[in-house]
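In the two complexes that follow, chain A is the common piece, with chain B as its partner first and chain C second.
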Partner chain A sequence: MGRDLGARAISRYLVFLLFLSLFGAQTSHTQQTHPTESQVKAAYLYNFGKFVTWTGTNAGSSASFDICVLGKDPFGVVLDSTVAGGNIGEKRVTAKKISSLQESDHCRIVFISSSEQARLKAILAAAKAGGTLTVSDIPHFADKGGMIEFVPQENRIRFEVNLPATEEAGLTLSSELLKVATRVIGKTGN
Partner chain B sequence: MAVGYSRSISRKLTVMNMLVSAAALLLACAAFFAYDQITFRQSLVRTLSAQAQIIGANSISALIFNDPQSATNTLSALKSFPNIASAGIITSDQRPFAQYSRDAGDEVLNIPAPPDGRLEAYWFRATHLVLVHSIVFQGKTLGFVYLRADLHELDQRLKRYAAIAFVVLLLSLLAALIVSALFRRSVAEPIVQLAEVARAVSQDNNYSVRAAPTAAQDEIALLIDAFNNMLQQIQHRDNALQAAHDELEERVEERTRELVSSNRELEAFSYSVSHDLRGPLEVMNGFSYVLLKSYANQLDSSGKECLQSIRAAARRMSELIDDLLNLSRVTTSVMHREEIDLSSYARAIMEELCRTAPERNVEFVAPMQVKAYADARLVQIVMQNLLENAWKYTSHHDRARIEFGFEDKDGRMICFVKDDGSGFDPRSTDRLFQPFNRLHTSAEFPGNGIGLATVRRIIQRHGGEVWAEGAVEKGATFHFILEPNRGT
Partner chain C sequence: MTKTNHPFSFPAKLILISLLSLSTLFILFIGFQDVMHAQVLEANGGADNPLSQMSLEQLGNIQVTTASKAPEEVWKTPAAVYVITQEDIERSGATNIPEALRLAPGIEVARIDSDKWSIGIRGFGSRLSRSVLVLIDGRTVYTTLFAGTYWEVQDTLLDDIDRIEVIRGPGATIWGPNAVNGVINIITKKAKDTHGTLASAGGGNIEQGFANLRHGGGNGKNLDYRVYGKGFNRSPEHHTDDQNYDNWRGGQAGFRLDWAKNERDNFTVQGDIYDQADGESVQATSYTPPYSQILDSAARLSGGNILGRWTRTQGEGKDIQLQAYYDRANRREPNLGDIRDTFDVDYLQRFHVIRQEISWGLGTRFTPATNIEVVSGLTFQPDKRSDQLFTAFFQDEIALVENRLSLSVGSKLLRTNFSPVQLEPSVRLLWTPTGKQTLWAAFTHAVRTPADVERDFFLSGYIGPGPGGLQFFARFNANRNFRSEQMNGYELGYRRLITKTLYVDLSSFYNHYSDLFSEDITGSPFIEDNPPPTHILLPAEFGNGLLGTTKGVEIAPEWRPTHFWHLRGSYSYLQMDIERSRNSLDIGTAPGIEGSSPKHQAILQSGFDISKKFTLDLAYRYISALPGQKVHAYSTGDTVFGWRFNEHLRLSLVGDNLLQPYHAEDGGDPGPLVLIKRSAYAKLTWQN
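Showing the complex of A and B:
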């Protein structure tokens, strides 16, 4: 009797192990596949927040840490799933889609879609005033006064930083972040 | 010999000193080295851990923003630490991310399993220490830094320690040599002197020497004092013994002198008595002979018989005097031992006896050679007496057997003369050898009782023994030993 129970328990455990190994193989398989460009960019957007300090802005009043996408959204659900459950400092990270910066002044980071290229100057001015970190994959974005520009390089996504632009907006970028940037505009001694 | 002793004790002291210092030093070195190894390993782990933490902290952004080049740059800072052979960063899913190798050809990737749930883990291999440290950023493990440090510095330390220990060992052995040379004066030398004195005492029996006392108040001083005391006691006793011995010897000499003089007087007396008795006897003998020859016709037969009796008595008295003179000569004559053949003596005596009475039927048995080392003249008297006795006491038997022989008992030769004659009463054995003591009447067997006394005197002068066995009508056996008993 006891022996039967033991045998049943063992067989159940073996089935469980089999299931676990199949599931494990599944997950490791998905990890092995290269993430898509938008996944990488979404992750970068999320991680930038960890290396930037916002000082003296309206951002502090907000309950959440907002990452906004301005214009035509290239991420879809990817950004939402990336930031889901994430925290920066004490604040929960949320992803927002906006059509203009005036819509929300709580954005800590704004991704400017290429669709907004025409209105870039006004957007950058507004972001600077609001102390918002501007990120975009518009070519020469950093040279045009943007703060962080995604640059494709050797099948990877890298980024360039316009340091004076961030300083004017009252943002402090960690040297760790600058270290991994492909180019830092206005870096002392560069 | 004494030199050998002295060498041995001081060498033992030196060796002991050296062994003790060497053992203490080696133990101390071993303990110190073990302690140093442990602390060195601990500090190595601490240093490596700190380096891993710094590299990990500096690689966070590189991992997050997927920039291996930046991580490689960070790792290349390890160039300034020559003990780190290789290092690397692997991502949380264990992909190699960045690597560093001190030597170009060095194998880089031997990534150990990252710590399981722990922040850090390390392994000591034969030649390397491997440390893995987790890179954690905001509660999330981004990857692992691993560092591989050479342990050849440990070997170098070991070699350095061995060299230092060897030099110190040599120096301490030298110091031990010097110290033991100093101590030899206070420890070994008094013992050596004591040994020398003891040797002098035991070899030369000289108890007047004394060991030189030492200034120290140690056991050696005690030993020397005790030894000197012992010598003094021995000397006292030796002196007392010598005095007693001398006194005894003097007394013995005195007694001997007295004895010799009284003995001489006695012998002179008995000799002169015997000699002086002979003169009147000769007169009696001569005149009785004249009486018998010249006046025989004037005497009747009874008178002649009386005269014959007087003559026989005079003859017997003359023989008695001869025997007494013989006995006295046996006692006083000088002994001269030489090798003789007892058997030939016995044969000659028996031949002579047979000639005097050829009608008797006597069987004589004797072995061919019976060698002895004794005085020839005196032994001749012994053999004469014993064989004549045997001859005499078998005269009442028709057939007789007389045997001379010897047997070996415990290395001593026991000679015997055995007959099957009338024998004697065994209860009277003690009286046999006393002078003038006769077990038979002169009518039965003629004799004066001097013979066996003479035999015993001669055997005693040789340092031997004589005894008799026998029974009435069962014959008699006389045993004698000529050699002195060396055993007792």
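Showing the complex of A and C:
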């Protein structure tokens, strides 16, 4: 009995140690493992700016290229760090947090958080008038009139585009962007 | 004090302990340093951030880890739901569905032997899992033979499972009949998500050999398909009497076809066929010598199913679904034969009306079955019967305060060919005070309709030699008056996203049961001529003589301290109080029922993504004693080491039940307890 306890305790401890040693086995880890959803979505937002042309009067109004987040912010520091130091056209890219559509006049891109789901209709109507690219991960966002909807697909993030919505807001989306979208509403056959 | 032989002498032990302590401290120190380093790296970004440099196409190809496991569905459900994802299944090393179910809180999974389990949700665990509704892609896999699920034939390619939703408590109104204590909903991936070829094979000491093959494709637009085949051979578990009867082998094949005819209509056709040889040991009683014997032989189980579904999305939250399936199950066991066909059609519609989401549906099921008598101690009368079931449901989900407070009211309606119309009303309230927490409460009335086994079944047991040279038997006679079991369930739950990486789900319940299945003695022994030869009979029947309550709590926290380390746990507490009702003739089965479900269950899982190539998952689980099964409390551990060679090939090394050479989990077989062995297997998977 004593012997069993000794051996068993040792083996249990070894299991625990193995557990801990993996904790220590992380070295230059972040480069090798999977990024989070927020990081990929932030990278997308930054990228979209390069493939969209703003043709409305709002186009030249701001000194910076603003990517805004409306509602509960799921990005935190991630969006700021993704855009830091980047330029689109000749404008500095900045990330901003806004709490109402009124503040979105100078936003080129607005990401609508899922916390705003209830006010979606009003938000989309105002965004169309303002010539802002609306992006969200709210389910069926694109069907409801949103411009770009993030869709998870098997642990990857893809997106769908609502073409008529972008046209109504005076935005032109590059064909390169449309090619990568998993679904483009408003194109023939969709 | 006796001198025992220690393998480590005292000085050696001292050195060993100091070495271990030093290495622990060292590792903690390194680990701490690395976490700080990792956090610094994460905060750094900027346009130099590699992600920002990627093209849209590249971004769409990156695999992401989700920050929290509170998907939309779970968050807004006023019920105790737990979702086991495909990744959970893969990283748990489970080779079949019951083993994957261990990951969910509130569900008791006890392995009886190599091919049988005793499963229950919130109590009443048994081989038969009577009060739990199990569905695979909308097809009910419950058998009307004894109102339960034969887990050994519920199988599919585990890689094709998208998720398993485990709902503890009476299912939200829309689920089918007998969802009294819970619903297990197994959902497979859509055909468009399983393109390409997947081949895997492996073996170990108990999982002696298994192979899986799947191929999927599509026309690139709206038609996708997959076909699969699998085979396995599993050796017996540990028997102290060397009666190694539970060898298990089988094969299964199936297909799925998905057609998106237009943006509104979707069609799916899927089917499976299987054939298995399940080793079992059963008690067989006969009125002729040898009266009672244990038969060890392989049961032949085979069958198949085909299911078709049409979904039409009419936009704005309106949709309709029509589904029909046929299922055939053949069971040839050493003491019984059963051939069962099931025809089922269901219709469901959902639509929005000012602040309300209304769903309603109708379903009908027709089950003709034939029972084959193998031993005279186990007979059905009539031996051919057709069961009919009619269900309807209605549910209204009212948004009292948009996105904050919602009330669901509804009811199921159930009618079978041997029970009158029964209503199962349910009221649920969901309150979301902030975007990070929800509170829900529910009241449901549920019923478990009678099964063949209660109404048509004659089960005899041999007591021994009796006076006058006659043999003494007891027989449970069919009870045509067996009523449905009734249950009133009260539940309360709370979910909270404490930080972006820490989530906790709490559920509590109080269930009151009446008219529970009991084993009643209905009279004094008497001499009987039929079946011959003349013998003495103690008459009994299955009655509705028990009642009682169950109450408990389930806590399931989930924490991602870093994005390469995922910690999960769950603790379930269950208190069962079952007793005889007034005027009950039950022989005293209540303590056995109470003692067959564990009071405490705990599981702790740790998932490490060591690097892009290596993953390590460790699980520790504890189950408290089952006095009704003569099983002690046990704790054991499982580990899965994953090695990805390249994007096509990966290896898994799995070790199960590692902390002891063997342990008992449940006593469902006749004879001594079968002990579940420590096991390991390796699996190689190739995928393109």
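The rule we apply is simple: the second predicted complex is superposed on the first by the 156 of 190 C-alpha atoms of A that agree within 3 Å, B and C clash if a C-alpha of one lies under 4 Å from a C-alpha of the other, contacts with A are read in each partner's own complex, and residues count from 1 in each chain.
Keep this in mind: a contact is a pair of C-beta atoms (placed from the backbone, for glycine too) under 8 Å apart; a residue touches a chain by one contact, two chains touch by 3 or more.
From a predicted model like this one, the values you see are computed outputs, not experimental measurements.
Colleague: Between chain C and chain B, which one touches more residues of chain A when both complexes sit on the common chain A?
Modeller: Counting contacted residues of chain A, the larger count belongs to C.
Colleague: Contacts for A:Glu176 in the overlay, against chain B (first) and chain C (second): which applies, first, second, both or neither?
Modeller: In the superposed model, A:Glu176 contacts both chain B and chain C.
Colleague: A:Thr94 contacts which: chain B (first), chain C (second), both, neither?
Modeller: neither
Colleague: Which partner chains sit in contact with A:Ser64 here, chain B, chain C, both or neither? Use first/second/both/neither.
Modeller: neither
Colleague: Kindly list the residues of chain A that each of chain B and chain C touches, one partner per complex.
Modeller: 28, 31, 40, 44, 47, 51, 156, 158-159, 176-177, 180
Colleague: Which of the residues in chain B come into contact with chain A in the complex?
Modeller: Answer in residue numbers: 58, 60-62, 64-67, 70, 93, 137-138.
Colleague: Would you mind writing out the residues of chain C in touch with chain A in their complex?
Modeller: Listed in rising order, the residues of chain C that touch chain A are 4-8, 13, 16, 20, 23-24, 27-28, 30-31, 34-35, 38, 41-52, 54-57, 59-67, 72, 87, 193, 263, 315, 402-403, 435, 500, 562-565, 606, 608-612, 616, 618, 637, 658-659.
Colleague: Touching residues of chain A toward chain B in the complex: what are they?
Modeller: Of all residues in chain A, those touching chain B are 28, 31, 40, 44, 47, 50-51, 156, 158-159, 174, 176-177, 179-180.
Colleague: For the complex, give me every residue of chain A touching chain C.
Modeller: 1-3, 6-7, 10-13, 15, 17-40, 42-44, 46-47, 51, 72, 76-78, 80-87, 115, 117-118, 139, 143, 153-159, 176-177, 180, 190
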